[in-house]
């Protein structure tokens, strides 16, 4: 009895405080939570933080504009979770975001975490927009609410394969991957594309994501007189491979897709960096219509420039916010159709999704390292229509 | 007797109530129930490894390989992968009551296959070779997508069906969905309590864990259990007593492995996705640490070790994530980058884990909650005056021969086995 | 995948050049393997010496190798930042500092962790060693970060043509220096008093103690020598690939230990032979396995060749190729 009385008083007090606090906050703005999941610790921490920054900038802008959804003024809030790049952590983090009642999730960063997490979001009906997961399987699962604002590996592989044979004139190609989900998927697509363009994959070798010794593989490649070595792996492996190619006297061209181009590459590879080709998703920052402005904002708030995926994260966030405003609702079921029908120009280019959730007319850029810096050779786009299966 | 059953019963009730409590606590919530589910899986793993290391004294550092085998078996038999790879007609949908025993059997077979070549090896060699086997299994899983796509390589197998029971066929065409009579992936209410899928899984795992504990206890007190312990203490004497060394060792590997296989198949259904990334050497070492830190050979110790080591990292991570911004904001004389390196949650977590291993092994090698016998074994020489006066050579001899020092009196004459 | 390139008309000259080309490739793979093997051998020596003398797998040895490499990189970067010119002397100076730090590290491990546990059952020090390994790895990540650190360019690397294959001057030096070090170690163990004491302790600790040998000092010395060798191996590895990271010690250590077991644990020659053999096997297998098994097993299995070979050898010859050299233990 006493406890009940106490409880009632407590409840009333809490209500009173809550009401006054609410009104004292001076905006009856509804808070809409935007979830972010990515590696904030671990090997990809740098990238994950970059993505978080992109989301954060978009949210700041939206709040500055004092948007209204329907007639209610809204404020957006970032709910950030760290998945450390690990699939298991990714699923538990996904559960946390769902529990927190987010309206959309921007994430994850790696395909390996995005795919298992997508199940959880799908079950909860929350749309997921990934700024960087490129494995085709993400959008091939039949979930109607997963999107990405980069091209997938099938597309990029196709661009690369065509470029290798048609533009670089390489007839005998060696394809090596690092046996991770990312590298292998990409390499397989490149093999398909090279063969389709009538090139010859004479060497198909594998390593793992921790190796730094590629002498055996490169010796085989040298013996088979390849014109170009394609390596799907990250920069810390591409650099030793470039060096070892030079040391072994293998004069073939070297093309890598991973996280190049970046500024550290020359430090890592030394003089072997000269002439290396690399692809990147989307367009170079300076070619993006509002890229420079975006980077300025990023530097102003966080002190660092763009690493790689922050512009994409920014676009992903804005796609979600725009859809919510257009549909006049932050409820996933209601704004999903508006999201699917998105069509506008973001920082990274035109944002529009196909029926699987992939970006339409996605661009990719090929660079070459010359004279101490990365030069844009060409921006490819538009060949992704036949995105059948994996 | 009644008292023990009563205590055990109360404990089980507490564990059953746990997820509901955790679910309701605002700070914790369903994601922590999920963590509890994983903790149950680890308890199962630890119990299995306890048979190999704790009872039989065989140092297996590749135990996670059995976990992988069980997981992939379930994945292959409950997902569209085989049909996508062209190896089966439709989406596989084998019944759970068949898959779990199959996983146990397959893992057990692998255990025996692992044990066969290493029978003659001594402790340290055994460790390295089993470690090698664990890695071999992982790398095979990572690469068996050519020439026939069995495991889908590094991309893993996804869209794995949750645990369910249905009356349907064992495979169905893609696009159809089977009608599940009962699935762990459903919500229902019990006496007014909302039971979510995560809680369903946890309770199911708890059931299996209880079964495993009972089985472990029975094994411990059985003839086989005693044979294992005899083998552990002194191989030569055991053989002299008429025990078939080879069979006993194989049985240890096999039985231990079955627990791993079952745990793996449950894991696959829980996560919905398996990839070789989940079966690394570090996982093997984690499970090993659970057994050793908890107390080798002691069921309660092992369960405690598993619970602690699977929940601690999460707590730790939350702690670091909470502390990190505070430190980053207030400590300005150290550069951002350096601080970020130091305050990285996963690094700190592993560092704490390593320190825990070292401290426990140095000062309390029998584990946190060992059987009394084991504690006596490992600390016996602390009270033994003779061991002290002869320098350490006598007990050094005895332990060099791999025997416990509690029997130093009987073995002093024999320097070699 | 058989190469279908443009080949000269089939005649005697063609046959000759084809065979010569194949031989050149083989020689290249062999030389690659020898370089790899030299590094394995130096690390394996550290394992085998410690195991021979106290029967313990020093799981943390791989991390000591890693620390050697990382410290050298840091010191070099610092020195060159101060304006010291690039060159062999600078490298040697940095290497010396790294050596000292590694030796201190090994000494610390031995004194505070392994020595108190000398009488404990096998499992305890092994797990303790695993714990130390984890601590070192993560401490390294905290100090140097998780990424790869590039080895500063102190030495000019240029390719050298050697028996039809292309090596770099650094790789050649690695092989030569390894041989010199191994020879030096053999002289130390076989001909000096310290070496005799080490051998005696390995044979029978108790009796050696009775003969007046200071067991603790000898065991410390073993750890120190092992650490010195390890740090040199770490630097060799870092310079060969141009980079080092906090993770490099683990796999390297495992493979080197496998090499030591392969050759016969406790046996110095075994470790040397095992290391070189392992390097050769890895290189040749990675190069040719794909062709031999028609694509079923390929270079992606490179890392487990070490383990597979180990298992096979232990099945056939449980004491390793050259036999064990240890006191009889059950």
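Lettered A, B and C in written order, each chain numbered from 1.
Note that in this section a contact is a pair of C-beta atoms (placed from the backbone, for glycine too) under 8 Å apart; a residue touches a chain by one contact, two chains touch by 3 or more.
Computed from a predicted structure; not experimentally measured.
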- request: By the contact definition above, name the pair with the higher C-beta contact count: A-B or A-C.
  value: A-C
Message: Closest chain to the protein's overall Cα mean, using per-chain Cα means, please.
response: B
- prompt: Cα centroid separation between chain B and chain C, in whole Å?
  reply: 32
Distance between the centres, which are taken as Cα means, of chain B and chain A, whole angstrom: 34
- request: For chain A and chain C, let me know how many angstrom lie between their CA-based centres, rounded off.
  value: 39
- prompt: chain B: which residues touch two or more other chains?
  reply: 139, 142-143, 344, 347
- request: Give me the residues of chain A that touch two or more other chains.
  value: 42, 45, 179, 206, 208
Query: Mind pulling the chain C residues that touch 2 or more other chains?
result: 146, 298, 300, 303
List of chain A residues in touch with chain B within their complex: 41-42, 45, 82, 84, 86-88, 91-93, 95-96, 99, 112, 115-116, 119, 135, 137, 141, 179-181, 183-185, 206, 208
Field: List of chain A residues in touch with chain C within their complex
entry: 42-43, 45, 172, 179, 200-208, 210-213, 215-217, 219-220, 222-225, 236, 239-240, 243-244, 246-249, 267-270
Touch list for chain C against partner chain A, complex: 1, 3-5, 21-22, 24-25, 28-29, 32-33, 36, 146-148, 150, 153, 157, 159, 166-168, 171, 241-243, 245, 247-248, 251, 282-284, 286-287, 290, 298-300, 302-303
Message: Help me check something: in the complex, which residues belonging to chain B touch chain C?
response: 53, 59, 117-118, 120-125, 127-129, 131-133, 135-136, 139, 142-143, 146-147, 235-236, 281, 285, 288-289, 292, 296, 337, 341-342, 344, 347-348, 350-351, 353-358, 361-362, 365, 378, 381, 391-393, 395-397, 399-402, 404-405, 415-417
Query: For chain B, which residues are in contact with chain A within the complex?
result: 29-31, 34-35, 38, 139, 142-143, 145, 153-156, 158-159, 198, 271-273, 275, 277-278, 314, 317, 321, 340, 344-347
